[in-house]
Structures are given as structure tokens and as C-alpha cells.
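One chain, chain A, links the two complexes that follow: it is found with chain B in the first and with chain C in the second.
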Partner chain A sequence: MLPKAEIAHWLAASVALLLGLILLAEVIVGPEVFGRRRWRAYLWPFVALVGGLGLWVVAIFSTFSTMHLVAHAIWAESAMIAGAVQLAVVRGKLTSPRWSLVTAAALFISGAAFLVHEQNSWLFSRSAFLHHTIGWSLVVASLFPLGAALRPRRAVWSTGFALTFVMLAVMLYSDRDAAPIFGHFEGIVSRR
Partner chain B sequence: MSSEIATSIRRRVTRRTRSDIRRQRRVVAVQLLGPLTIIAGLVWAIAQPYRIAFLHPEGKGVYDYLAQPPLLVVVVGLVFFFLVAPGLAEDLEKEGRAPES
Partner chain C sequence: MKRALALGAAVAVALTLPAVAAAHATIVQAIPATQSKIESPPRQILLRFNESVTGSSRAIQVFASDGTVLSGTTRFTEGGRVVVAAVSRLARGSAYTVRWQVTGQDGHSPAGVYTFGIGVKAPPPTEAVGASGTTWKDDAARWGLFAALALVIGPLLFRLVILRGAVPPALEHRFHLLTTVAAFSVINVGIAAFVIRASNALQLPFGDLIYGDLQPFADKTRAGEAFLVMTVGFATIAGLLLLAWVFDRFDLRWPALLLAIVLVSGLSLSSHQATEPNSSKLSELADWLHLVAACVWVGGVVTLAFCVWPLAPELRRKAFLGFSQIAVVLVGVMVLAGAYLALARLPELSDLWQTHYGQLLLVKSGIVVLALSWGGFHHTFVRPRLEAGEQPNVRPSLVGESLAALAVLLAAAVLTNGAPPPVKPSSGPTVAPLRDSR
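Moving on, here comes the complex of A and B:
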């Protein structure tokens, strides 16, 4: 039996929260101290690559809707490409700060995929509301790695990027398969 | 001797102390990230107990026990607190002990 979609979203939220905390810690201590232990420098590309693999698994099981299958495949590709580029940066194969543009593109495309595959309006349900909110948040958040590519080493870009994942986690944790935008159906459903 | 190098001892001590305070604040901030996340998960569990399958087992399946959002938040906080934060705090303090060039 396959789990409900909301359970996959909550697990994805946990990965996003962990990623957000790791990136916030890097902002607090600075990249020099953060990179002092090699395994720590590999954390963000590793989490992005594993998250991408998880999204592929979800895409494989999203056979109920072509739209969902394509959207999850796009998120998986975006996460894995951004993770792979970051891995090359950490290993020293890529040195230009302009490689942040790949992360910016990944966030922008992921946000667009959220917006395109949600066919209902903002206030239709909590799921629809969150799809629109997450989509626009990611589109706007793509400005942070864009800024890091054009004007590197400014704390505002790395702080914004880290907080993006914390916000994404909060929004994904709020997701329910069937619920009004605020409140919950549980009591009503159990009485029927 | 250049006046940029020959500063007074008091000035050097003050500068050192300020950088120590800044570093100490960073150590505290990194160490607080995990506990704050854990507290957020616990507050959420108290505010919405129906999201904990152990407390409301009616009609719940195996996946509901595996993924209980407030408990997932607590687990993420614990992972960060025990696996990531200690090394970061240690490296920051080591940096403080290193001789200034």
C-alpha cells in the first residue's frame, strides 16, 4: 500500500528543514570554519542529491497523474543538477561563483513547476494554497543564488538562501491531502 | 616603528575581547539552533496533538506512525544538535585559541 501524498511531503519537509539548519549554521560560523571538516562541506550537495533520488522514487509512483509525474521529475532533476554542481564546487573542480546561477535556475524552475502543475485557484484548498505559496516563494528565492553569483560573499544571499529552506519546510509540514486553508477536517470526517 | 603596529596593550586587549565575544555569540547561536527546533516541534505537538498518531491511534496506518510532523521536527533538531552543532562549536573555539598572525 502506497503512503498518502502528505506523508511524502512531510518527509520532504524534514529534509528541507535539516538542509536549512545546515545552511544557517554555515552563515553563522562562516564558510572558512564550516569547511574545516571536509564532511561538512559535502553535507549540502549530499542532501540535495539524496533528496533528488527520493523525488525520483515519488515520481515513479506518481502514475495517477501525468502532471504530478512530470512535476516531481522536474524537482528531482533540479535537486540533482544543483547538488552535482555544488559537489563539483566543493571538490574544487568548479571555482567560479557564477556556478550559483545553476542553483538559481533550479529554484526558479522548481517554483515554476509548482505553479504550472496546480490547476486550482489559491483559495480552493490548503493544498492549492500551498502550491501557489511555495511556487512563488521559490521563484522569488531564486534571487538569492542569483545575487551570490553576481555579487558573491554577501551574507544577505546565503542567509536568504538558508531561510528559504526553513520556510519551505514550514509550508510542506502544513500540507494536508484534504483540508481547508486553515483548520482541519478530522473532527468532521470522524463524525460522518 | 609604525604606529599601526605599535598599538597600546589596552587597545589590543579590547580588540581581542570584542572578537572573543563575537565568537562566543556565534557558538551560542549554533548550539541554540538544535534546541530551538526541538522546542518548536514540542510546542507544535502540544498545539495540535491530533497530529501525533500515538495519541490518536484510531484509523491510523503504519505510515502515520512513521511520519508524525511534530516528531519529525524534533528528530531533525536532535540530528542537528548531536551530529552537526558540536563540531562547529569546537572548530569556532579552536579558531579563537589559534595565535593571531
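Moving on, here comes the complex of A and C:
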């Protein structure tokens, strides 16, 4: 039995949205207020680690093509490793801000996997459009943790990082494969 | 600014609203079904896809076991969702191979292969007409898988049983790093091994292999099922090991070790010892014990040489003597289980030198004797000196034994991928008459 691709996309979108909202909450209230409850700092890395584990389940349902199996495996492994390293940072086992480079690498590799696994051009279909958009978004978003590794105290990095996941959630919720690229907007445009 | 925000929100809403949707082009129904056993010859092969597809007049080809093409021109019906090819001269008592390739709406060209039998059980897709059989790539991947398994199980058991209690931080760190990297390696090498195995049957150029349909291999072979379970299982193990490291919860290593030992059975339940006509529950159990003992032994020797010896001189004696005790049991299990399995696969003594499988077994046995002699030398000459409180420099020798142990795994990988000579079914209930290789 093969679950519909949309179900996996929406589940992933929900996890991304949860991640984004947690990170956005920290940006809005500030790290001092957010850190008053110690467990809050563990939230997003833990969600990333568990989400990565869940992605392995999606990966084994993606044997309908080699490319999809490998791409899902890359996303799962990237999420697990980035989540675990960030958990270790929060826990105090790793102290250097340079460990953000692992998150940067995970985002970059995940973005590259999106771009490589989509072989069609941008406007071929909605999924092609979204895969290109997500891929390039993640590649560009890898600059945020990279910036956090080099200049840790700037709020722009954490804000950009949080918004990346909110955007990712919107794009994954929209991932409907061969649907019209711009959804109901296309009907409006064609009527005019 | 407000207008820009409103426009962005509108685009987001428009994108997420329901609209026509379809998945990647995949088969939702095949008649005859994948790996099915049917009673009478069909007149056509029908593949129903989840979206409309296109393709050439030879999008579906059906092959007899001698390679003869038995299919006619392919037709696309029901708006391209159904692909049909008429077939003729199919006979009861034979198995047939279906190869297909279409182009989906997204422009990708998925392709696949499957088998069905008329009055007989269909062979696995790995034995489809045109499949190449195993190559050196399969051997390399299997070797990597064995080595990664050994580096999960061996160090974990070493840390939990032989070196219980506190150890120097550097050694603890090495244990964490080694086992976690090895757990991820099991998954990654497992994926590579699975894809290589499927590619031998699909016989597609790389550009097409990336869209090759792996589902018949994942769902319809024992090795595929073992791959799926082991992938999720070792991801869980990796998660447990990462949490053990982050939170210093070393007790999480126990479920990781036990789960790894259980998951090794996936290889045994899909090996010759489970799929040959004379296989039995006992041969599956023997194979599992053989593999677990080998993993503990190889992983233990590597742990001793590359973790304990360089990083914890004060623990060398305890580690060496503790492992030495366990190694005697391990060698006993390996030799007994291995001998039983060799007898099951090669009932005639002459099979040892007259068959390719037997010759491989002889080579493997030679390397095992070398590695065990090396271990015996350590047991006989180094152990008494350590017990007497001396600090002999045996690290080079331990590294040598580690390399010999890894060579044993290579020989085991080649042997596992080899085809044993045909044997008669045992008196008990039998499995498939056709081999689900590995």
C-alpha cells in the first residue's frame, strides 16, 4: 500500500510549521524570555531529530523511484544530524557557535537534493515549481545558520531561519504535483 | 508594505487551495499482478497508472524464460491511464518477465520489471529475464554492510558488557562517534546495496535508473522487506545513540544493541539459509547466530585496536582479558554454526572443490583460520603477560588481526552473494522452488 504523496507532503509541512512557529516565538519574545523555561530550548532540535526519524518512514514508502528514495533519505539524515547537534549545543556538550555550520550544511544539502531530484524546468508543473522554489530557498537559507556561526548575536539570522521553516511549510502544503502552478490564480488570469 | 503583505498572503492561500492533483507516474494495478501465480495464460498485459502516460509501441515487453519476446504493439487507453500489450504463445508451467517504460506528465520516464508465473510460482524480479545477476558492486556493498553492522554491535557490546562503569572521556567520545557513524552507515550502505541489486535486474542506463521502479524489489522479495525494516530500525538505533550521547543516558545503548542484534536477523531471513529448498528454521537460526557472533568478534577486535588501546592504557588489561573470555565463546558459535551451514549447502565433500560456492567457502575458511590463529596467538602468548601485570605493545598485532577479521567479512560477502549448488528439498515443509537470492 502506497500512501498518497500529498499526505507525506502535508505531514512534513506540519512538522516544518511547528518548527517555524517555535523558532518564530523565540525571535518575537527574545532568547532571554524564551529561555526562562529550559525545556523550550530543546523543542526545535528535538522536533527536527524526531521529524528526521519520521522521514525515514516516508523514505521506505518512496521506492517508486530510485531518485525519491535517495532524496528522502538525504532529508531524513540531514534533519536527524542537525537536530542532534543542536540538542548537544543546547545541552552544553558542544559550546562553539561554529556548530551552526552543521545546520547550514544540512539546509544546503537538503536544498541541493530538492534541486537535483527535480529534473524539470520551473514552469513545467506545480510540483516542479515548488521543488525549485524549496530547493533554492533552502540553499539561500543555509546562509542564516552560516551567519549565526560567524556573527552569533545578530537577530537577522534567527529571524531568517525561523521564517524559512514557515515558508517551507506553506510550500509543502501547496505541493500538489501536477496541479496548476498558481492554483486558482491561473483560472482568474485566463478568464481575463 | 501592507499591499505587499496582502499580495504575499493571497498567493500563499491560492497555492494551498485544493486544485487538480496527481502523483508521480506509478503503477496502481498490473494484470497479471506483480509476482503472481495465475492458472491460465493471459491474452494481454495491462498496466494501470495513477495518471495519463505516453510511450513507444514497445512500452511493454513480455519475455519468455529463453528471452523470446511474446508481446505485440502497446496501446494506450482510458486517456493514457491504461497501457495494454497483447501477448501470445504463453503456456502453462512457465514464468514470464514483463519490462515496461512510459513517460509521465512530469516528463520523467519511470521503468520497471516484474515477473508472473502460469501454474508455477513466479521467480523474484532479481531473476527476471535479462537480469545480470550479482557483480563486484554487490560484493562491495555487502562487505560494507557487514562491516558497518560489526561496528555497531561490537563496540556497543564491548562498552556495555566488558567495560562497564566509567571510562575516560576520550574513549567514551570514540564509542559514541564510532557506533553512531556505523549506524548511519548501515542505512546508507543498505540503500546502496538495495539499489545496486535492483539495477542488476532493471538493466537501465543511469539516467533512467534514477526513475526506476523499485517497488517489486522492496515489496516482493525477502531481501527488500529486510531492507525496509532494517532502514527504519537502524534509523531508530541512530536516534537512540544520538540521544544517549546528548543526554549522557548510556542506558539507551541497551535497546540500541538489542534492536541491532534482532535486526541482523533480517539478513539471515533473506539469505540462502532461509530461501534454499532445504532451508529450515534451524538453518535460519544458525545463520543469525553465525552473523551475530562474527559481528561481535570483528567489532570487538576493532574496538580493542582502535579505541581502547590508544585512548585508555589503564583499561587495556581489563578490556583484553574480558574480550578474550568472550572471544572463546564467539569462536565456538561461529565455527559450529558455520560448519552446520556448510553441510546444509554442500552435502557432498567433493562440492568443496568442484563447485564455485565450495571454492569460495574454502577461501573464506582459509582466511578465518588465519584470523583465528592470530587471535589464538594473542590468547596464548599476550594474555598471560597482561595477567602478570606487564604492558606488552601489541597494538600493531591487534590492527593486523582487525584487518584479517575485515577480510573474513569480505569473503563472507562474496560467499553470500554467490549461488550455492542445487540441493534437494528437506522432508519438512519447503519454501519457494525458485531462489529469492539472498
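Keep in mind that, in the parts below, the second predicted complex is superposed on the first by the 182 of 192 C-alpha atoms of A that agree within 3 Å, B and C clash if a C-alpha of one lies under 4 Å from a C-alpha of the other, contacts with A are read in each partner's own complex, and residues count from 1 in each chain.
The rule we apply is simple: a contact is a pair of C-beta atoms (placed from the backbone, for glycine too) under 8 Å apart; a residue touches a chain by one contact, two chains touch by 3 or more.
It should be emphasised that the depicted structure is a prediction, and the values quoted were computed from it without experimental measurement.
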*After lining up the shared chain so the two structures overlap, which partner does A:Lys4 touch, if you call chain B first and chain C second: first, second, both or neither?*
both
_If touched residues of chain A are counted for chain B and for chain C, the larger one_ = C
*asked:* Is A:Ser14 touching anything from chain B or chain C once the two structures are fitted on A? First, second, both or neither.
replied: first
*With the two structures laid over each other on chain A, which partner does A:Asn120 touch: chain B (first), chain C (second), both, or neither?*
second
_One more residue to check, A:Leu163. First (chain B), second (chain C), both or neither?_
neither
*Mind working out whether A:Leu69 is in touch with chain B, chain C, both or neither, as first, second, both or neither?*
second
*Check the residue A:Tyr173 against both partner chains and state whether it touches chain B (first), chain C (second), both, or neither.*
both
*Does the superposition put A:Ala25 against chain B (first), chain C (second), both, or neither?*
first
_In the overlaid three-chain picture, which partner chain does A:Leu150 touch, first (chain B) or second (chain C), both, or neither?_
neither
_Looking at A:Met80, would you say it contacts chain B, chain C, both, or neither? Reply first, second, both or neither._
second
*State which residues of chain A lie in both footprints, the one left by chain B and the one left by chain C.*
4, 173, 184
*Provide the residue numbers of chain A that touch chain B in the complex, in ascending order.*
1, 3-4, 7, 10-11, 13-14, 17-18, 21-22, 24-25, 28-29, 33-34, 36-37, 40, 43, 173, 184, 186, 190
*In their complex, what parts of chain A are in touch with chain C?*
2, 4-6, 49-50, 52-53, 56-57, 59-60, 63-70, 73, 76-77, 80, 84, 87-88, 91, 93, 119-120, 124-128, 170-171, 173-174, 176-180, 182-185
*What residues of chain B sit close enough to touch chain A in their complex?*
26, 29-30, 33-34, 37, 48, 50, 58-59, 61, 63-64, 66-67, 69, 72-73, 75-76, 79-80, 84-85, 87-88, 91-92, 95
*State the interface residues of chain C toward chain A in the complex, per the touch definition above.*
11-12, 14-17, 19-24, 26, 51, 105-108, 110, 184, 187-188, 191, 195, 198, 209-215, 217-219, 228, 231-232, 235-236, 238-239, 242-243, 245-247
